[in-house]
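Alright, structures below, take your time with them.
Paired with chain B in one complex and with chain C in the other, chain A is shared by the two complexes that follow.
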Partner chain A sequence: MNLSPRLLINAALLIFLAVLPFLTDWAGDSFYTGLVARILILAIAALSLNLLIGYGGMVSFGHAAFIGVGAYVVGIGAFHAFEDGIDWMLNGYIQLVIALLGSAFIALIIGAISLRTRGVYFIMITMAFSQMLYFTAVGVETYGADDGLSIYSRSDMLGLIDLNDEKSLYYLIFVSLLVVLYLMHRLVGSAFGNVIRGSKSNEARMRAIGFSPYKYRLTAFVIAGAIAGYAGFLMANLNDFVSPDVMHWTRSGDLIIMILLGGMASLFGPLYGALAFLMLEEILSSIPLTIGGLRVGEYWQLIFGPLLILIVLYARNGVDSFLPGARKNT
Partner chain B sequence: MNWLLLLEQILNGFQLGLLLFLLAAGLTLVFGIMDMVNLAHGSLYMMGAYFCATFTGWTGSFLIGALLTLPAVFLLGVVVEIIALRTLYARDHLDQVMATFGLILFFNEATRLIWGPIGLVIPLPEFLNQTVEIIPGAPYPAFRLAIILVGFLVAGLLYLIVSRTKLGMLIRAGASNRDMIGALGINIRLLFTLVFGLGAALAGLAGLMAGPILSVEIGMGESILILTLVVIVIGGIGSIKGAFIAAILIGLIDTVGRSFLPEILDLVLPSQTAATAAPAISSMMIYLLMALVLAIKPQGLFPPKGVGR
Partner chain C sequence: MSAQDLLVIENLVKRYDGLLATDDLSLTVREGELHAIIGPNGAGKTTLIKQLTGEIPSDNGRVTFAGKNIKRLSEADRSHIGLARSFQITSLFQDFTVLENVCLAVQAHSGHSFRFWKKINNDTALTDPARDILRQMGLEERAETATAALSHGEQRQLEIAVALATKPKLLLLDEPMAGMSREDSEKLVERLIELKQHYSILLIEHDMDAVFSLADRISVLVYGQAIATGTPDDIRNNEEVRQAYLGEEA
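And then the complex of A and B:
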């Protein structure tokens, strides 16, 4: 195994993330552990979406819907455990299985229909489906409708991990990220991954050598949906709250921005992208500069919007292209 | 069933449908001719409403305000096209989606900075701010009626421009083969800029007409943008005829559905279930329709001929 500079930077990032809770303990400010935990969850979701966008060329604009499915499983479970005393619904393992199967199943339905279309139509139909789920969540009064659901008790992992302990939750999220990174690494390098990537660059040739891209794409769509559902499971536990807003189409847009910021078709890209996205939000919104009585930070999107355009126009591969050993012309 | 209510809702459906058509026409042209996804189209609609509110405030007349708004939004569209969008035509859709998403953020924040976070009101002149009895026993707001009239008028005008004039010929040629008209010596850049400006002015017109009945506020562009995207995808991207039919369809289904679905569901479901399910299902209906259309015809109802995608 040769240790390229890029590998060292990635490893350094992971080590930093691994020791972060102790650093913030030492600094006496645990705010950043929560912020980074949120970033890592979004990174998990962005990693799964990147399997579709970066490797598969399927620009899904409704990925946040699956996060919502996972998050609502936790929220609804906690709701019934709290209101009706149904204890098994608080069981984290049962919630996890339902979150994974539920988001995979919904991804199967959405993917089966959407993957018949191409290009702009695919972007739009995936967005339409996510809006359907969004409006479903908005419409169900029992589970809080617009206002969302407060989660009074986090998933009960039966003593194996205590999710109420912020540090344990952080490490569950961190280890999940490592697992998803490894999974993506294996998946993209496998024969399956080759078919997915091949279908992106030349579908006709893929067909000519005997592969039907539809089945492979659908499988990738379901895998990505299930991982996003898992991210939703983590997010509900971290926030103690779930609302339809997690499924809104602009949340799906945020995920795509992360992939773009980090660099597509690179394993670590979405992680860098999620970090860059939320750090930019934190930094830009706390600019202390005041012009004519207006605090610039309050209008941070005024800077972020054009920045996004500039990144799209001139830094096509995002953070990834600034790391040593970047591939050119991808 | 209440027939007067149904009639009124059908009129409302047409009114929403024609507003959607004004937006969809510009968007589908930009999509069809330049192969460009423009999420910021809703922002131009919002700017139309804000400009009109400001100009109406200055001049004291809604009509003069509206007349000033149209060239202003046209110019804004041209400027946005030249500064930001021109370089994006050659890029893939993902880049366009992201860059125009950035534009939305910019416009929303700029609007908050200039006009403040609280929404504005566009006051209507006396003759529009009353009701007329087109059907005996059912008074209908004159302004909504005016929207329907203007909508049909613009739709007709657009049809004439596209099918009878030289500009229209170039637009149709561009929609079916944009490389070819470039090779024939047409100044495509100018054509694109003009079409974009025209689309912006139509969006501004929709915005200034929607302003008095909805409300002039930040984010008003996004909710209608999604509806507009649904319209052009159902209609077939690049087809003005498709956009018109789909817009009316969506307008009718959305308005009539919202007011009558509870009654219909009540017939088939227990009333408790119907009452909870109706609001969710009625806001989902248009998305269901879109999924259905795309599942059967992946290119929409009226795919323009010769578009190789």
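And then the complex of A and C:
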């Protein structure tokens, strides 16, 4: 392995993330640990989506639905443990298995249908499916409908790790990110990844040389869905709360924006994108300037939108374009 | 049909709206022969190739390949029983390297690809045969080059290399010389003479010098019908062909 500048920058970022809780301890302000934990969870989801969009050319616009599935598994489990005394529903391992299998299964159904379409139709149909899940969650009164569910008790990991400890939770999230990064690295470089990338590059030729891309794409869709479901499991535990809002199509849009911001063609892109996205949101929304009685920060999206357009126009690989050794676009 | 017939096309039909692109076409490619198809623009040559590979369905007729009716086979299935095509309009993996293009085609014929973990780009089970094919097509020195950076002539060579990597029994070449310089196409003719030793080939080509120097038999396609089939000499001397197509050229 050669130590390129890019590799060093990536390593520096990971080391920074690894020591962050201690830095914030030292600074006496743990707010940022929570913020970064949230960013890392979204980075995990964005990484999984990038397998579809960046490597596979499948612009799924409903990826947040799978985060919702994972998050609701934790929420519903905690709800029944609390209300009905069903203790096993709080068991983190059972919740995890259900979150992974549930999101994978729903991804299998959504993918099986959506992947028969292309282009704009694919975007619309994945969005429609995710909105169906959103409205389902809004409609279920038992689980708080659109008010959402407060989670009174985080997943019980049976003593292996205590999720109530913010630092432990942070490190679970951080290690999960590392695992997902490595997983993506292996996946993209494997025989399977080669088929996914080839199908994006030239589907007609893929068929002509003897591949049937559909089943590979569907597999990628299921893998990405399950990883996003895992992100949802983490998110519910971090927020102690889940509501239909996590599945709203604008949340799926946020994930796509993170990928665009970070750079589609690179492994670390979605992580940089998630960092950039939430930092920008944080910074822009706290601009103290007021114009004509309106606080600029409240309308941060008005600044964010044009910024995004500039990035897409002038730095097609987002943050990635500014790192050394970036691929030059033609 | 006889034992030496590799591909038998019987009464094949393809209709686009009102237009008969393939009109009750019957044609045979024998084992080991290079069978050329010539015909004016819009005669239905590319349409025929698409029907053979299963890219588009046929409205009628029967295609038998290696003794088997291939009607129900998907495009991928047909590749796996030994049908390979090249594209008239270059169709490569532009963001892959030259070697990766060929490797992907080798991979398609090396079992399933539900292998999620092992690194593939240094897998000699793929790169060794791929490099052999690149050598055969004169591209070995360009193996690590980005495909998009190749010259037009080189892309046309790679177009054939990718088809070869699927270990075909029959090569369907759709105007391999399209857009090539005189010099490049002469070189390609040399390579096709070499390939002829190992593959049965259905060659579509407008370059008459190439066709007449390469073909064992030639079929002339006009408005989706084969108006003549025969040896190069037969075709050269065929009055109907001269009028319909060759004109003053022959």
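Quick notes on this structure:
Just so it is clear, the second predicted complex is superposed on the first by the 327 of 330 C-alpha atoms of A that agree within 3 Å, B and C clash if a C-alpha of one lies under 4 Å from a C-alpha of the other, contacts with A are read in each partner's own complex, and residues count from 1 in each chain.
One rule holds for everything that comes next: contacts are C-beta pairs under 8 Å (C-beta built on N, C-alpha and C of every residue); 3 or more make two chains touch, one makes a residue touch a chain.
Not measured: the values here are computed from a predicted model.
In the superposition on chain A, A:S286 contacts neither chain B nor chain C. In the superposition on chain A, A:V195 makes contact with chain C only, while chain B stays out of contact range. In the superposition on chain A, contact of A:N164 is made with neither chain B nor chain C. Considering which of chain B and chain C touches more of chain A, the answer is B.
In the superposed model, A:L187 makes contact with chain C only, not with chain B. By the touch criterion defined above, A:Y216 reaches chain C but does not reach chain B. In the superposition on chain A, contact is made by A:E141 with chain B only, not with chain C.
In the superposed model, A:A208 makes contact with chain C only, not with chain B.
With the contact threshold set out at the top, not one residue of chain A is in contact with chain B in one structure and with chain C in the other.
Those residues of chain B that touch chain A in the complex are listed here as 31, 37, 84, 87-88, 91, 93-95, 97-99, 101-110, 112-113, 222, 226, 229-230, 233, 237, 276-277, 279-281, 283-284, 287-288, 290-291, 294-295, 298-300, 309. Contact residues of chain C toward chain A in the complex are 53, 55, 74-76, 79-80, 84-85, 87, 91-96, 103-105, 107-109, 113-121, 148, 162-163, 165-166.
Within the complex formed with chain C, the residues of chain A that make contact are 186-187, 189-195, 197-198, 201-202, 204-212, 216, 219, 330. Against chain B, in their complex, chain A makes its touches with residues 53, 59, 61, 113-114, 116-121, 123-125, 127-129, 131-132, 135-136, 138-142, 249-250, 253, 256-257, 260, 294, 299-302, 304-309, 312-313, 316.
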